[in-house]
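Two complexes, one shared chain (chain A), two partners (chain B, chain C).
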Partner chain A sequence: MITLRLALRNILGTGIRAWLNAFIISIALVASSWNQGVVAGMDEQAARAARDLEYGGGQYWQESYDPYDPLTLEEAHSPLPEELRRLVNEGKATAVLMMQGSIYPQGRMRSILLKGIDPRQHVLDFPTSALSAAGAGLPALIGGRFARAVDLARGDTVTLRWREPGGAFNAEDATIVHVMQTTLAAIDNNQAWLPLDRLQEMARLPGAATLVVLAPGTAPLSAPPGWVFRDPDFLLRDLRELVKTKSVGRVVLLVIFLSLGMLAIFDTQVLAIFRRRREIGTLVALGFTRGQVVRLFTLEGALHGVLAVLLGAAWGLPLLWLQARLGFAVPPGTEDMGISIGERIYPAYGAGYILGVAVLSLAVTTVVSLLPSRRIARLKPTDALRGRAS
Partner chain B sequence: MADELLIRTEELVKVFPMGRSEVRALNRVSLDFRAGEFAGLVGPSGSGKTTFLNVVGSLDAPTSGSAEVLGRRIEGLSHREAADLRNRSIGFIFQTFNLLPVYTAYENVEFPLLLLRVPAAQRRRMVMDALEWVGLADRSRSRPAQLSGGESQRVAIARAVVKRPPLLLADEPTANLDAENSHHILRTMAALNRELGTTFLFATHDEKVIAYLHRKITLVDGRVERDEPLTPAAGRETGP
Partner chain C sequence: MKQAAAVIVLFLVLAPARAAATAPESAGAILKKVDENRVTGNKVILSEMTIHGRRFSRTVRARSWIQGTEKSFSEYLEPPRERGTKMLKLGDQLWTYYPASDRVILIAGHMLRQSVMGSDLSYEDMLEDPTLHDSQQGAVSGEETLLGRPCWVLDLRALREDAAYPSRRLWVDRERYTVMREDRFARSGRLLKTAVVESVRRFGDRWLPDRVRFKDALKEGEGTVFAILEIQFDAAIPGAVFSKAALKK
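Entry: the complex of A and B
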């Protein structure tokens, strides 16, 4: 108790230096917590977007379907089995048919994915209802990014070409009935959405689908033969991997600033022990044991960690809170990172993470303070009193 | 009580290694001190005065010989026992005052009592008594940096005597003080010796200190050359 009291007085007595050391560590705490929050927020937003717009509550895949191999699309379709058709009819799922095709904007050919979806579906949260527009011949819905890439706008017509099962090519002009602004590349890049029944006709595959998206919150049935159920965790795996690679930054931040702080504390401690030899000798003369002196100096060092946590809480928590409320604009170029986020990122901090780094910095400061303090044990009190290092 | 044996050293030897050779700082020193003495070790620089005080104060172990202080054999003490002996029974006064810089005068004097776990109410009384003995009750809130050398040494004396130790070791207590302050603290210590019966053992070459001593032991090259009683010349009768 008496050592704690003295340590507290000593460290507050050193003034600016102690606060500077603590400040450096508090930067490590806050910056790393912020980074963690941003990544978690991005992850959360991206996962939400993916769920609302693409994955729903999971997907039934026709067994040949492989999203990484477009060549499988020729095989990856079957008529909807009875169970899945019932889910679709009840509005608890919606079927998607996919087919390779090409378009000819400004006379250049471009391979794209044709996707058929029921215009009246409410399973996924994007404007398929535009596809029910009357009198549009073959209506097509495309994403904003794709529209810019091929320079198409609402009301434009574009020639679609595709291969029929026999191998013969067929073509038809489609009208862009709507350009949807979305952050999710998976429903935008290089693809056109058509009414499901029209695409089934074009492919001569009546009643067929490549996959069936379950509405979020609907309990999945076991997959019928010839189909595989992919739950949301499976579907989000790639996204999660991507986010994980982006978390490396926070570890680097933490390590850099924590090491800087530790170096400063180590330095302060070594210097203090050198400069305060006479004080150490005095404490021993007054009846301190060596253990108590070591404890005193270790405590002083460790208190830097406590100051850092307090300081970090004082300036960091309000800042983090504000950032979480206001969010911040996604910097340009972030689109290419491959995960979809809104225009603003809202950090989602983990209390556990923040607590964890706080405890970590306390532990590390204590260890760093203990190292130089052990030199005290080798200091002879008589030498210390003369102001000599042994 | 006045005749009780407080310190007995027998054939005390302390050797310091010095490169290839060694320094014999104490060479077979045998001395007795009784309770209530006001004694001083004098002698040229390097004669072993500080070394003797350090051994008696259990801050250093002798190379050979024995030292019995307050009934405890110094050679056999563990670190913890030595710390306990200093804590309970020995007060130190240094040439450089050695106050804890972050504490006020009051807190510096209180510190040994905290180590001894003296209850708060009693502690407060003892601290104020000690500050009054040295005439600094009104400076209790000052920090060492705000005190003059003489005042600092008086706080250090209060810190040394606050726990009423039977033995007080003072190594060159006046070396950093002017004549007026030297006499002031010497009068204070003499009064404490008289009123509390505290035994004082000095190491000094200051004539002003010697003028207050009852007994002067002259060390030369680590040996006791003379051990003589003195009739204090200076005004011991004046209070603190």
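Entry: the complex of A and C
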């Protein structure tokens, strides 16, 4: 206990130097926590958007469907099996049919994906009900990014061209009944959503679908023959991998800041041992063992970490809380970076991570403090009393 | 490009001038005469294809060796960046050779739907069987005059359900049995492509369309103009020309 009191008195006695060291370490703690919160927030927002707008509670894929190979779309469809049709009829799932096509906005041709979905579905949270618009001929729903890319707006008419399974061309004018603003590029870029029954008719594939999206919370059935079930973990795998790669930056930031803090503490410890040789000699002469003196100096160093945690909590926690509440605006142009981010990012902090970083910094501070303190064990008390190093 | 020449030549009827003594009784009879009037022997064509883009136009010149409707070989001569590019069509297969990569590529699957040199023609258009009387049926729907020539107007429907263009309209010269214009439609009846003859010239004893404008009707722009500069009929073409080995020579 006396060691702790002495250490505390000594470190506070150093004045501004101790607080500067603690402040640098607290920056590492807060910056790392903020960075982790941003990545976690992006991950959470993207996963929520993907779940609400695309994946639902999982998807049944027609066995030929491969989202990474658009050429498979020609074969990736079949009539809904009875089990899946029942789920769709009960509102626990919705079917999606996909086919390749071309769109001709302003007399230019662009290849797109035509996607059919039931306008009355409630499984995915985007405005498919707009496709029920009366008197629209062939109604089409597109995303905001795509609308900007092809210069289309609500009420515009545009020609769609596609090929039937046999190879015959077909074409029809579609009316843009709604332009949806969505964070999820996967339901926006280069695609147009049409009523499912109309697309089935256009493709001459009555009752067919490419995939079936299960409503969140619905227990999946075993996949019928010719279909494969993909659970949310599988569907979010790419997103998780992407977030994992972004996490590397977080670790690098933590290492840089902690290294700066630890360097400062190491220097402080070396200097303290050099300048306090007489004090060390006196302590030993008064009956302190070398081990006790080493512990004292190590404790002094480690207390920098404690101060840093307290300081970081004092200024960092309110700041982090405010960021989590208000979020921050995403700069323009980042919407196509491969992850679905809204207009604002709301960091999501993990208590475990913050505690972990705090414990890590305490541990590292202690180790860094111990390294120079071990020299004390080699000091001769008589030399130390004379102010000489052994 | 030369491939395109072949196509044009084939589906626009390189027919000899031949007077029609009487009006044919049916569209089938007209189509048969159109097909009969096609030159089915060997020919060598020097042609130019002018591709009009949104900002600029460019012209590609090619020489083509054609045997019937099944075999053709083309070599691009101009512009310099296309020089040495070659195409070989054997039946329903198409290969291209690019000197820059020194590779022969089989154009298949979705690649067939791509544009040839950025033109309004796709590789698939080039591979289409040009024979009309056994692939189309329909009726004479009227008479019109194009380029000062009296023409039958034929509304045709493809016999095969999987034909790329389920229906088309042809304007056929009543005397020469050359196709003066062709419109191709989607199943919905929407016009997709047009081929309009802009001039006809006499080559020896034959009248041929020597300038044709192809256009994707859904796109804006001036389309692609194909022009025959020279044509030599019944040319002696060594069989080795129509081989993949000839592509790399």
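Basically, the second predicted complex is superposed on the first by the 390 of 390 C-alpha atoms of A that agree within 3 Å, B and C clash if a C-alpha of one lies under 4 Å from a C-alpha of the other, contacts with A are read in each partner's own complex, and residues count from 1 in each chain.
Rule of thumb we're sticking to: a contact is a pair of C-beta atoms (placed from the backbone, for glycine too) under 8 Å apart; a residue touches a chain by one contact, two chains touch by 3 or more.
Small disclaimer: the values here were computed from a predicted structure and weren't measured.
Novice: Chain A superposed: clash or fit between chain B and chain C?
Specialist: After superposition on chain A, chain B vs chain C: fit, no clash.
Novice: Looking at A:M109, would you say it contacts chain B, chain C, both, or neither? Reply first, second, both or neither.
Specialist: It touches chain C, and chain B stays clear.
Novice: Determine, under the contact definition given at the top, whether A:S129 touches first (chain B), second (chain C), both, or neither.
Specialist: So A:S129 meets neither chain B nor chain C here.
Novice: Taking the superposition on A as described, I'd like to know which of chain B and chain C A:E172 touches: first, second, both or neither.
Specialist: Second partner only.
Novice: Does the superposition put A:G13 against chain B (first), chain C (second), both, or neither?
Specialist: In the superposition, A:G13 contacts chain B only.
Novice: Applying the document's definition of touching, compare chain B and chain C: which contacts more of chain A?
Specialist: Residues of chain A touched, chain B against chain C: more for B.
Novice: Per the contact definition in the header, classify A:V284: touching chain B only (first), chain C only (second), both, or neither.
Specialist: After superposition on chain A, A:V284 lies in contact with chain B alone.
Novice: Name the contact category of A:K380: first (chain B only), second (chain C only), both, or neither.
Specialist: first
Novice: Give me the angle at the C-alpha centre of chain A between the C-alpha centres of chain B and chain C, rounded to the nearest 10 degrees.
Specialist: 150
Novice: Mind working out whether A:N189 is in touch with chain B, chain C, both or neither, as first, second, both or neither?
Specialist: Neither partner.
Novice: Report for A:Q181: first if it touches chain B alone, second if chain C alone, otherwise both or neither.
Specialist: After superposing on A, A:Q181 lies clear of both chain B and chain C.
Novice: In the overlaid three-chain picture, find the nearest pair of C-alpha atoms across chain B and chain C and give that distance in Å.
Specialist: Minimum over all C-alpha pairs of chain B and chain C: 78 Å.
Novice: Mind listing the chain C positions that touch chain A in their complex?
Specialist: Chain C reaches chain A through residues 54, 109-110, 158, 161-166, 186-188, 190, 192, 216, 218-221.
Novice: Considering only the defined contacts, which chain A positions touch chain C in the complex?
Specialist: 71, 104, 106-109, 159, 161, 163-164, 166-172
Novice: Which stretch or stretches of chain B touch chain A in the complex?
Specialist: Interface residues on chain B, with respect to chain A: 54, 57, 59-60, 79-80, 83-84, 86-88, 92, 94, 96, 98, 100-103, 111-112, 114-116, 159.
Novice: Where on chain A is chain B touching in the complex?
Specialist: 2, 5-6, 9-10, 12-13, 278-279, 281-282, 284-290, 292, 380-382, 385, 387
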